[in-house]
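Okay, so chain A shows up in both of these, paired with chain B first and chain C after.
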Partner chain A sequence: MSEIEGLHLTKAYGELHAIQDLSFSIEANTITGLIGRNGAGKTTLLKMIAGHLRPTRGELKVFDQRPFDNLVIAGNTIFVNDSMTFPESFTLQNILKEVATFYPNWNQSIAQGLFDYFQLNPHQCHSNLSKGSKSTFQAVIGIASRCPLTLMDEPTTGMDSAVRKDFYRALLKDYIEYPRTVILSSHLLGELEDILEDILLLDQGTKKLQMSTLDMKQYALGFRGNAQAIEALLRGHLRGDTPEEGILRREEFAKGSLYVVVKAENLAVGYERIRRQDVEVMPIALDDLCNYLTAKTKGGIDDVFKRG
Partner chain B sequence: MSLSEVRLAPVSLQQIIAKQYLYKLKGHSGLVFILVVIQMLSILFSLGTRSSMSSSNEFLQVIVNSYSGEIFLIFSFIWMVVVASFLVSQPYQSIEFSVVNNRVTSHLSNILLIFTYAAFAGITSTLMAIPQRVLILMTLEESEFLFGGLQIVPGDLLLGSLVAFLYLLLFGATAYFIQTISLSLSKKLGIILWITLFAFGFGFIRIFAFQIGNLLNFYFRESSLGLFVGKVIGSIILLFGLSILISQRTEVKR
Partner chain C sequence: MIFKPDSIKPIYVQIAEWLEAEILSGQLAEDERVYSQYQLAEMFTINPATAAKGLNLLADEGMVYKKRGLGMFVSTQAKEYILTKRKQQVLGQMVKDLVAEAQRLGVQEKELLQMMKQAREEIYEGGDGER
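Coming up: the complex of A and B.
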């Protein structure tokens, strides 16, 4: 059963549409990655789900209720982002203790365990923390609160790679022990893909695609090789009205050589047959796939430098 | 059974208000500390508020020095206005919306805070009369004496505290209301209202022979305690009530 449902959701700031006609649903007890480029509308969407922003048009339901200014939703949601702030007079240790009173499922042993593991200083003030430590501390709160709906907007900003990996693992372990609905927004899909079950890819305020991480890994294939062989392959084996619609990316990586990324569903034959035709077949990293899907041109940055 | 009944923890309005109230009371304890410092300083100021009256003949000279405690009140009023506006300011809103909150719980816990602060400031600024008297007594010169000694009638302190409390509430509610407009409707309108308040409230503006600045006399000039209490309570209900209504659709900027 879906826990969050958006129907033709739109959020406009004056002329600018941060979210436009977005319909989606997120299942209960899943970890969903909210992926998209800068300005794709990730934060706006999370803020609407958290009940901080009011949709301009369309319908948004969280646990069957409208989330805006809704105390029941607020009481069951934690929204971690970098603008989380705490009173100046509290030390980190105070904050853990005080914040805990708001969340009925708060797990103090996990909070304290993670706090000590990440070597946060209990007597330090929140505003004096470095960017990475701030994110770490807030991530600890996000995990330990065990809210039925846990929203994290760019939770790993500023963390070093060791801490990021520990954080992903901690989140996953606690999620398995205490299932809940988690939405993570991030740029670092490469690191996240092992813990994500679903991916919701946003592009300029609309849904580009939403599917399970497993399906997405098989969504597209890359081919590299001699330009003529590749062109022949594209002509021969691509389904669809025009071959171009199946091509996500076309890149010239050396003179006479071509690299193309093709949607798997548009391929008429299995990739085993193609491999024989001296063309290299390769899987596409999710990170790259999302970049290709949300790119304005098929050539990427190379197009800027193409002259004449 | 709906989805929300199965999965959601029940959330009680009163509990969240109480939690928010305690969270902010502890978190913003620095504000109360500032008041204490201000009141310490204001004792020094109060010694400078001496006004003298003297009469003499060829054998005897009598000088009456009188000291006023108004300065304590004035400082507390200013403190209250600043504190109440802080509570509705962006950084303070960010703090309370980082944990479980909505507009109603935010307002109601803030109103409780303002009542608490007003009670504290009202009582302390009235009690300041005691250290003030001690200090005056200590600085007396030969041939001077303190009228009434150190004795202060408890009834006077009680009445003083009550009236100070009510004024503090009134100032707090006004500042809170204007800042809510500033946050929810428009900053410009907020500034206009602040200016209007000073103009109408303290009477800086005269249009021809007509003094428009007597809004505050509605309260200041009231000689019956009962009516005064009624006017103040009516006003703060109006101001806080409007604040809640205005911000119902305000989004959280965190």
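Coming up: the complex of A and C.
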């Protein structure tokens, strides 16, 4: 059953359409990665799902209800983001104690265990924390609250690499023990992808694609090698009205050499057959794939430096 | 445990291969219970859906069987099946790659066979002899 459903959802801030005609659905008890470039609309979407913002147009249902200004949704949702506010004079210990009373599924032993593991100082004030410690503390709350709907907007900002890895693993372990619907927005897809079931990729306020990470791994393939060999291959094996529609990326990286990324569905033959023609076939990291799919040009930053 | 993230093989295939290796080495014996999708998810820090797909690969090929409510168990013929499959597919492909690379480098058949013989000797040297 879908837990969250958006239909032709739009959010406008004056002239700017942060979210535009977005339709999507998210299944219950899955972990979804909300991915997109800066300004793609990730935070706006999460704020609408959390009920903090009212959609300008379209329909949004969470647990079959409109989330805006809705107590049921608010009571079943935690939204971890960098604008979470806590009383200034409270120590972390105080906050942890108080926050527990807000969430019926709160797990104190997980909360305390993670708090101690990450060596947070119980007597420190929230406002004095470093960026990384603040994120860590909020992530602890996000996990321990065990909310049916757990939203995290770039939860790893400022965390060092060791803490990030521990956080992913802690989230996954607690999710397995106590399944819930999790949406994480992040720019670090490479680190995160293994714990995700689905990916929702936003581009300029609209949905670029939504699929399981398993399917997405097979969405595209990269070819590298002799430019002529690759051009011939593209002419011969690409389906579609024009070969260009199957090409996501094209880079000339050395003299006479080419690197192209092609949509697997546009490829008329299996990659095993292409491998024999002395062209290197490579998998595309999801992180790179998302960048290619949302890039303005097929040549990337190098296009800026091309002269003449 | 960490997988090769740059491998062309999807993680669920790597999971299936890891389980195959466990069966092959006897770590997972005949009729023994295989790890659940949740155990695998925790072991490798992957989404349970990915782990389930790896398990299903094994189930589809009959290497494991389901007992309702109890989980998956290693089939009687699993070890034999894996052995044959690996010989034909994995080792077969490695040999093809080896021959192709030798050809690119202009290594003649005699020299290639000599290299393989030497490699065998190096590997088995001081060990428990040929197996």
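Details
One rule holds for everything that comes next: the second predicted complex is superposed on the first by the 308 of 308 C-alpha atoms of A that agree within 3 Å, B and C clash if a C-alpha of one lies under 4 Å from a C-alpha of the other, contacts with A are read in each partner's own complex, and residues count from 1 in each chain.
FYI, a contact is a pair of C-beta atoms (placed from the backbone, for glycine too) under 8 Å apart; a residue touches a chain by one contact, two chains touch by 3 or more.
Keep in mind that what you see is a predicted model, and the values were worked out from it rather than measured.
With chain A as the common reference for superposition, the partners chain B and chain C occupy compatible, non-clashing space. By the touch criterion defined above, A:Gly240 lies against neither chain B nor chain C after alignment on the C-alpha atoms of chain A.
In the superposition on chain A, contact is made by A:Phe63 with chain B only, not with chain C.
When the two complexes are overlaid on their common chain A, residue A:Pro122 makes contact with neither chain B nor chain C.
The larger set of touched chain A residues comes from B, when the choice is between chain B and chain C.
By the document's definition of touching, neither partner reaches A:Gly270: not chain B, not chain C. In the superposition on chain A, contact of A:Gly75 is made with chain B only, not with chain C. Of the two partner chains placed around the shared chain by superposition, chain C is the only one that A:Ser212 touches, whereas chain B remains out of contact. When both complexes are overlaid on chain A, the residue A:Arg169 reaches chain C alone and has no touch with chain B.
Rounded to the nearest 10, the angle made at the CA centre of chain A by the CA centres of chain B and chain C in the overlaid structures is 140 degrees.
Touch criterion met: A:Thr101 reaches chain B, while chain C stays clear of it. The least CA distance from chain B to chain C in the superposed model is 21 Å. Taken together, the chain A residues at the contact with chain B in this complex read 1, 3, 28, 47, 51-54, 63-65, 69-72, 74-76, 81, 83-90, 94, 98-99, 101-105, 148.
Of all residues in chain C, those touching chain A in their complex are 5-8, 10-12, 38, 41-42, 44-50, 53. Taken together, the chain A residues at the contact with chain C in this complex read 30-31, 168-169, 172-173, 176, 190, 194-197, 212-214, 217-218, 281-283, 285.
Residues of chain B that touch chain A in their complex: 2-4, 7-9, 11, 13, 16, 19, 22-24, 26-30, 91, 94-95, 97-105, 248-249, 251-254.
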